[in-house]
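In order of appearance the chains are A, B and C, and numbering begins at 1 in each one.
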């Protein structure tokens, strides 16, 4: 997003690096991978959601292929994870915080990009969510895990709320740097509260009673 | 398809809801999911095939994001499955019938849309098949099942036959509401005969002899 | 690529058939599939990487749907694998050689296509790699295997090197039939050396020491 304000762009770059780092570490834990696998899965985690959004709104080639910092940060995050995976495993908390920054920023930028591309309110919110969780979903599928976003934790829900705040403020004509940061902040706070208190989304009734 | 005749559109909406319901129920049985997972997989089952087709023919944003009834019916089907999964498990036969309606309608509309977009006969038939089975394939992959369409039952074959009837009648200049309904009917009947008699597509020779 | 020189086109067709054959055989070994599954996975292996590239650069409908030899060769390879899977299992070496021809040609054509579409050097090299390994990655995921390209052997690395030679010679203004064949040859030789000597890409440090 070359037109995004500097602070939002800085958050977007931070999120890209954090997603690549965290995505590659998760992949290393879940499957036996070589350097190609670790770096690829880091890059897919960081860039996959935005690429899915860009393909779906017809903005191809995707931003990730047109602005070099995204590829560089995603590849760099994957390489750092490859080299330092043992050491980084001890940094769970700061990595979780940076990952929440990425989740929040991707949801906000994804939703505003989709709305600018002419999508209606509901699809734009959904594409904000896709931008935020799409990369991790592809990664989990490639290492044969049911995507964690479908199973546990509050991960998609804060992203959808952040995307909704974005879309509502744009439609209300009050979107700008501050509204964007507020939307990022809302998603970030809900996500961190979810991590801290171990909040879970509801499961189907059948699973509530027994141990299905 | 805002230009589709009302009866075909009604079948398309019915199929969308049925695919979401059935897709979400299948997902609930295969993996431990929360509400985000159940509704997401219902929506992916209902909309994924059409989105794949639209991306492949360059018709983006996909129809599913441009005409609200599709998102509403898909999300609604997923929510109903979430709330009533225990009760719906007893309704296997009517859900199978509605699912076959969706399979048939998606194959016919998918093939005609692809042909209108300028594709040749064979790719248009294949994209009819992709429209019909693509969403369920993504769902199965996400819950770590080998897609059932690749393994058993007559599911892709009736869809391809329905798509072929569609394409042939369009090329013969006799396509219209009645030809479309005939193509839907052909696919539907073959699918239901397959369900009723437990018909299977051929397996590779090695598997015929032993229990590989 | 109707504009590719005849020799490169012949290699591309050979690779398409070989990928379909090898992809379908791999799928038969990994999962119990019917004829729909075997042929579909052969076609996805052969065409999936090129389709991903075309979608990402906005060249839709993809080449695979616009030039009939690709669909015919991919479908034919899948059908041959279905009929002769037991017998073909004995032909591992020639199939590996033909597969390396496909890997090399797909990487070179993929990178040059991406560069012509206006992508920069690094994304064009990556898309050459995606063209070469994308189809096999989708196939592995559908039959519930962690994609082998992420885990073992030199497979993506020779493809990326072939793509890099392609991009560098195009940018240097010396690309043509001979440069393309040289790039194909570089990838092919590295791949075959890797197969012959059992070369592996590096794994993360944690895996070097123990048996994680």
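We take it that a residue touches a chain if its C-beta (ideal position, glycine included) is under 8 Å from a C-beta of that chain, and two chains touch if they have at least 3 such contacts.
Note that the structure is predicted; figures quoted are calculated from it, not measured.
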Have a look at which chains touch which and call the overall pattern line, ring, star, complete or other.
complete
Looking only at residue numbers at the chain A/chain C interface, is the share used by both copies over half or under half? Answer same or different.
different
How many degrees of rotation carry the C-alpha atoms of chain A onto those of chain B, rounded to the nearest 5?
120
Suppose each chain is reduced to the average of its Cα coordinates; what separation in Å results between chain A and chain C?
29
Touching two or more other chains - residues of chain A:
55, 58, 141, 144
Quick check on the complex: what are the chain B residues that touch chain A?
28, 31-38, 40-41, 51, 55, 58, 60-62, 65-66, 68, 71, 82-83, 85-86, 141-144
Per the touch rule above, chain C residues touching chain A in the complex are 55-58, 117-120, 122-123, 126-127, 137, 141, 144-147, 149-152, 155-157, 200-207, 212
